[in-house]
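Should a chain be cited, it is by its letter among A, B, C, D and E, assigned in written order, with residues numbered from 1 in that chain.
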Amino acid sequence: MEDLAYMDRQMSTEQDIKISAKNVQVYYADNHAIKDVNVDIADKTVTAFIGPSGCGKSTFLRCINRMNDTIDVCRVEGAIKIDGEDIYDKRVDPVQLRAKVGMVFQKPNPFPKSIYDNVAYGPRIHGLAKNRAELDDIVEKALRRGAIWDEVKDRLDAPGTGLSGGQQQRLCIARAVATEPQVLLMDEPCSALDPIATAQVEELIDELRQNYSVVIVTHSMQQAARVSQKTAFFHLGNLVEYDDTDKIFTNPEDERTESYISGRIG
Amino acid sequence: MEDLAYMDRQMSTEQDIKISAKNVQVYYADNHAIKDVNVDIADKTVTAFIGPSGCGKSTFLRCINRMNDTIDVCRVEGAIKIDGEDIYDKRVDPVQLRAKVGMVFQKPNPFPKSIYDNVAYGPRIHGLAKNRAELDDIVEKALRRGAIWDEVKDRLDAPGTGLSGGQQQRLCIARAVATEPQVLLMDEPCSALDPIATAQVEELIDELRQNYSVVIVTHSMQQAARVSQKTAFFHLGNLVEYDDTDKIFTNPEDERTESYISGRIG
Amino acid sequence: MPNTILILIVLALGVIGFVLGRQRAMASAGGNSRNLHSLPSYYGYNVACATTLPAMGLLILWLLVQPLIINSSVSGLVSDQASEEGASLDLIMSDVRRVADGLDTAVETGVLTEEEVEALDAEQDDIRDLLAGVGFALGSDVTPSTLEAAKSYRAMNEVGDTWKSVFVIATALTGLLVSWRMTNKDFRARNVVEQGVLAILIFAASIAILTTLGIVLSLIFNTMEFFRLYPASEFFFGLSWNPSFSGRGGGSELGILPLLWGTLYISLIALIVAVPIGLFAAIYLSEYASKPVRSVAKPLLEVLAGIPTIVYGLFALLTVGPLLVEVFGQKGFLGVDWMSGGTAVMTAGLVMGIMLIPFVSSLSDDIINAVPQSMRDGSLGLGATHSETVRQVILPAALPGIVGAILLAASRAIGETMIVVLGAGAAARLSMNPFEAMTTVTAKIVSQLTGDSDFSSPEALVAFALGITLFVITLGLNIFALYIVRKYREQYE
Amino acid sequence: MTDTTVTPVSAKPAKSILEIDARTKKRNAAEKRFKAYGIAAICVGLFFLVALLWAIIQNGTPAFTQTYVTLDVELLEEKLDKTGERDIEAIKKVSTFGYKPLIQNALVDATEGMETEIEDKNLAKLLSDSAAAQIRDYVIANPDQIGETVEFTVLASSRVDGYLKGRVTREDLARDKNLSPDHLDLIDQMVEDGSVERIFNWAFITGADASEKRPESAGIGVSMIGSFFMMLVVLILALPIGVAASIYLEEFAPQNRFTDLIEVNISNLAAVPSIVFGILGLAVFIQFAHLPQSAPIVGGLTLTLMTLPTIVISTRASLKAVPPSIRDAALGVGASKMQTVFHHVLPLAMPGILTGTIIGLAQALGETAPLLLIGMVGFIASNYPEGVASGFLDPNSAMPAQIYEWAKRADPAYYERAWGGIIVLLVFLLTMNIIAIILRRRFERRW
Amino acid sequence: RDNVQVAGSSTVLPYASIVAEAFGENFDFPTPVVESGGSSAGLKRFCEGVGENTIDIANASRAIREKEIVACAEAGVTDIIEVRIGYDGIVFASQIDGPEYTAFTQSDLFNALAPKVMVDGELVDNPHTKWSDFNADLPDAEILAFIPGTKHGTREVFEENVIAVGCEETGAHDAMIAGGMSEDEAEDACLAVIGDGRSVDIDGDYTETLARIDANSNGIGVFGLAFYENNTDKLKVATMAGVEPSTESISTGEYPVSRPLFFYIKAAHIGVIPGLKEFAEFFVADEIAGPDGPLAEYGLVSDPALADTQMMISDEQTMTN
């Protein structure tokens, strides 16, 4: 049984393409932030985006669930497909897309509401709970997965904005997983977390991978190596290299990748 | 000459106490966030605050330049002295205090102004520049120290809010150093930075240490070990242990410290 | 069927539709709302909207079109009479309608039965008297052709009303059925409902356009009439405003420039008073004041906006004016002799400024309060004083809202009448001296419109021309303001 | 420390934070000034508020008491019902003029034994003209009382009332043909024997308008109902429409010419003089839509159009002030734009929306000019509406119009009533706003 | 609609409201609604057409004009009954504690307020700043007159019955013609009022004038007789050409400054709007509008020809044009 499950996972990792980007260009007004990126992201895999600050990781991530739509000056060209469907197609409802493709933002942005309401919001609008008890369950489960339950279980009614930086970050993770997206985009989800919390979030990511596809932006090579199966290296808006994580970290093809990993360019 | 300077530095590191906190208690309404913390922070040293998320690092840091004054529900008890002077004294002008004790916040918060104006803001209000050319110099120097000059030198007029997360963080560092504070409090200054940028910021911290006192909150043990001379470990609002960094990382006295460093509690 | 009952029926169908739609959606999802595309209530709303909205639309359309059709067919019946008497067809038609309405009322109140109505004869029965009895005014006696027309008008209306009810209810039912059948778990109910909501939002926004259109239409004809009687060039470029009574043969000078100048001057002074006071009050309230102070002072200042303007007018006339004369008048405190009478641009401007304080203060306070705390922290952390933070970080971030508040205050200043009439005097004058009496366009619109000159004379019609000119000018100013705000907008975060 | 110290590299010498350096002093002075400006601004605002309120209260409080005279009137049968058949139609034929002699007789009786030189026929000047109507109404309601002597408490005339309030003096009356100083002497005596007294004037708060000749019986109650129904219309229409329009413009409208057009249009409508809205209301609601004249619903609709821009402008300003990160957060969990706006942005913008509503309603409540053209200014002494529908549709005035009318009337007693009316208006305004103010405080938060 | 609706002149409004109130008290009809808003606005609404949603009566402080009758007819309002209810006396009054302005002639006001006056037989720009400059009997006080603004019909009466008369009397009119003006031009010029601080236009109502007089002891103002009679405690009235204004002196025509007041009835509404005719009849009944009625008591100068008017209404006699 276990072997089969394992095999299955292996196969899917190698075959099913969840997200596929073709010739993606992103401009912020005149600033060409993403230059002709092509990438196929597999299902049930964790993909790490690495690269120096300002290279376009967040930008590209936001393209995947069309969060860039909200930035006036931002223009996206090229095609991004999820499950073979072009998400920039006219017929696509970005709302449905975003329900399917969840996101944790780089800067934690809890709603100015109670902790409970922060997490319950997604399940509520997606009708994931039939009644209050079920909702309570969902919220508790999400907070547990976000590794913050113990800290907040006594103050679920306190405002989410009164949490510490790291707590806010975990709250946002909990909020994102509460809606059970099929793809989870996480923009530096552990930047404000201590090692233990980081480990818990990484565990969560690994758990999510069983069923979903996770894309994570990180500045920590160790983290990328630990959690991801595939790694994409961005540099100055270009996707320089995209390959198995092992390969990238042991035997990169492009010399810029190598320099970055070994800490020579930034 | 050099030797003497070195001696002097050594001495001051060991003797001059820059910041001294006695029995500090902080409450957020009913929440007792900092419990009876006593700590002496030496001049011309880098002190690292470590501890699990939500343990009160940021809270304590904000006490040192009285940024907690801005939070209605926050109440500070005990005494904090800088250069032997109680900063909670009636006669103290928090404005002057904050000019002397700079701060980089956990969440980067650039002003909705141009990059140039973001950095020039401090020097302008403190009258550090006589004319535009001098101000230009100060801005450039600060941006260079913040390791962001190359990325923004062509778009100094672009809004600071249009930068990437890591760029915003470095902009905030540049903004803080531009006013040349004697004490610099940095709340996770490298959380959104790639390794190279991190190294550059660490270099900056080391450079600042020559003359000033730096307190840095970090979740990275490696970083704490790399940059700091002293380390304080917080846990659930208590200052558990405070000692030379070497000591903390090799031979902690408290078992909670050990557990944390070795990754067992969070 | 009366329209109110019809509307109630449609609404009831809507409620039923909501329940049915929701049920069907849940059933199609096997009772598990997670299998649905949208929340179950959206399916309900969808059906409810599909039931009510087209039906209501049809009803409104019907109510607009039916009279048109009936009118045109009935007017055929009376067109002969119109040409005979040389009276206008319109007038006769309105007579016909009144007779028909009167007959309706007569039947309703039981004065007549339907049969009696059928049997009415214009020659024999005194219909005018009859209808007067039920409260209907007729301009003249009813001619046979009018009565015939009225009868057929009634008949057609009855038929129309019946069909209206049938069609409206049928539409509602169809909508219910179709949308109910469309309901299944993959149906994008939320999107459809949100489209509907968006349509409502758009409609709400276009009320502004309709209002503008209405204003222009209700002013334009009289304005054109005015320009037929009075040369446009003198109106726009004439330097003096001096209406007289046309009953004695003209001689009015109706130049708008002195009025415009007065408007600008008074508004300017009002803003010079209101903007700094309002802005500083807002800053103090949102940044410095303690919670209790703020929660008391803000509503108190808002009372200033609620005091009727006539009180301000009297305040200007009785208190502020004499006070100013005492300072700036001939025997005044300063001995400068700039001011001879209590009514002056300055008086009205000052008092108007006081009235406008809450327009600036309250709204700006809300906007300043909405600037995120992290902005303040950033600035304070650099060692800025609170005032530096406010001036250099918070105000720029809150600028668009503050400009909005100031524009609102300016608009109010331009539209104000009572304070001007009582505080600034009625004299139209082109002068730089703020201590002289002047008047504004708005004040003159009111006075010319409510005056004693005959309503088809240029002296009365000029009110409309003034209105439309002011409208165009403020439009220009607003376009300019929009441009400025766009240019300087700063977005935080 | 050693003598061979290195020159400090620091740009600024270390300074004590306990003593404030010159620059900081200067900056603190600026800070103090700035704060002082703020306080001064508030004080200026409050000062004027107090000055205005003081004037209002001082001038207006007398309106809340009124002088009444208690009289025993003999309801003479030969005057009121000559036939003696108690036929109501016949009794009604006797107009108020027919009651004058009865009143005169009653007064003569009442002043029996008092020193006065006033001719009998001038005695009635002590009383309000409304006395005759009051007695007539009583008789029509109780025809069986004819022939009896009944005690009535009737209004004294406005001059008498003014005398007891200190507004009218003997010198003033020297040239006044309505009353003479002799009357005042008589009044003094009547006050002494208790038949004249000043009591709280409920009729002012609940009553209807009266003609120029009897200010003593004018009340603001009915026009308050008119204002109430008008405000109901304004609130029900202007708030939702204004908020909806703002949401569309701020959150959904594409950036194009049409949006700009709407935007500019709305701000421009704010600058349209209110009387022009009256012209519009007359044309659209009365002439085109055939709504009744002088009806609060028409007033309400007209004022709605006038209030809309205020609400839209303030709502948009506060929608703009909501940080984008909140929108991102909601969109990021799969909320639709509509949900984002209604669940997150709108609650955060609520304080500004409520402020706009408060100011807009205050403006609408105090506005007279547009009512002038749709027939709500003038003498509209209607009765209380019989129901909700007639409240909207029956002719009525509104408080500001009533006040405006009173302020214009010749009798100085009306001046006092105008100010009294303003007090009622302000109380009405505050009651109306209190919910909004409380709500606004609840929605206020920083993030 | 079951109530009579009246709109128009604010000068007539007080009288109409007194009548409406008494009418409501004594009849079973509801109290008529009397709106103000000005003669012009009232007639405009009057002439909008016939029917329930138009007014029944328009009050006016001047006679309806030819152009308005035409406009009315175009909208179907052809049968109009014109009712003159009496006269409005116009008086000059000043602060009770102010200088002794107790006697004026038209020439005095002309000398004070005309832009060009006769001085030593020559037509010159008005040099007078004090009343005593040209008439030693008048007080030595600054000239300051609060006169009705050009929106008011009273202004027309003031110009024609006072200024223009003064113009003739002082000989300025002749001097103008001698100076080369045509008759028409001279007549127009005779109506002009100086626009500087000496005369202040009042666009508001008499209460505003009163407030200004209150604040300026030197000021004299123009008031309606009724208004003055209600405010004798604050105002003292001046005679004009030796005649004291009173309802009697005005009705006999001795006092020169007055204007007629009217209301206009839509004949088509009579018999349709309940109480319309009764109201009109009640308005001009002797009890009400006669010399001893409440209207006269309030300050209306009753019309000597009241009986004709009563006849006209009961016969529903419309205007002929």
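Things to note:
Here, a residue touches a chain if its C-beta (ideal position, glycine included) is under 8 Å from a C-beta of that chain, and two chains touch if they have at least 3 such contacts.
In this text, all values refer to a predicted model and were calculated from it rather than measured experimentally.
By the document's definition of touch, common neighbours of chain A and chain D comprise B, C. Separation of chain A from chain E in touch steps, taking the shortest path, is 2.
Chain nearest the geometric middle of the protein is C, using mean C-alpha positions.
By number of C-beta pairs in contact, chains C-D lead all other pairings.
Chain centres computed from CA atoms place E at the largest separation from chain B. Averaged C-alpha coordinates put the centre of chain D at 31 Å from the centre of chain E.
Centre-to-centre spacing of chain B and chain D amounts to 59 Å, using the average Cα coordinate of each chain. Rounded to whole angstrom units, the spacing between the C-alpha centres of chain C and chain D is 21.
Inter-chain centre distance (chain B to chain C, centres taken as mean C-alpha positions): 57 Å. Residue positions of chain D touching 2 or more other chains: 27-28, 31, 324-325, 336-337, 348, 372-373, 407, 447. Of all residues in chain A, those touching 2 or more other chains are 95-96, 107, 125-126, listed in ascending order. Among the residues of chain C, those touching two or more other chains are numbered 190-191, 314, 372-373, 385, 388, 449-450, 491-493.
Touching chain pairs in this entry, ordered by label, are A-B, A-C, A-D, B-C, B-D, C-D, C-E, D-E.
The touching residues of chain B, when paired with chain C in their complex, are 65, 67, 70, 94-100, 102-103, 105, 107, 109-113, 121-122, 125-126, 159, 161, 172, 175-176, 179, 181.
Within the complex, the chain E residues that touch chain C are 1-2, 9-10, 37-41, 43-44, 47, 49-52, 61-62, 64-65, 67-68, 71, 76, 78, 149-156, 160, 184, 188, 191, 195, 197, 200-204, 208, 211-212, 214-216, 268-269, 271-274. On the chain A side of its complex with chain C, the touching residues are 93, 95-96, 125-128, 130.
Every residue of chain D that touches chain C in the complex is listed here, in rising order: 27-28, 30-31, 34-35, 37-42, 44-46, 48-49, 51-53, 55-56, 240-242, 244-245, 247-249, 252-253, 260-277, 279-280, 282-284, 305, 308-310, 312-314, 316-318, 320-325, 336-338, 348-349, 351-352, 355-356, 358-359, 362-363, 365-366, 368-369, 372-373, 400, 403-404, 407, 418, 422, 425-426, 429-430, 433, 437, 441, 444, 446-447.
For chain B in complex with chain D, the residues that touch the partner chain are 1, 4-5, 8, 82-83, 85, 87, 89, 91-93, 95-97, 99-100, 125-128, 180, 182, 210-212.
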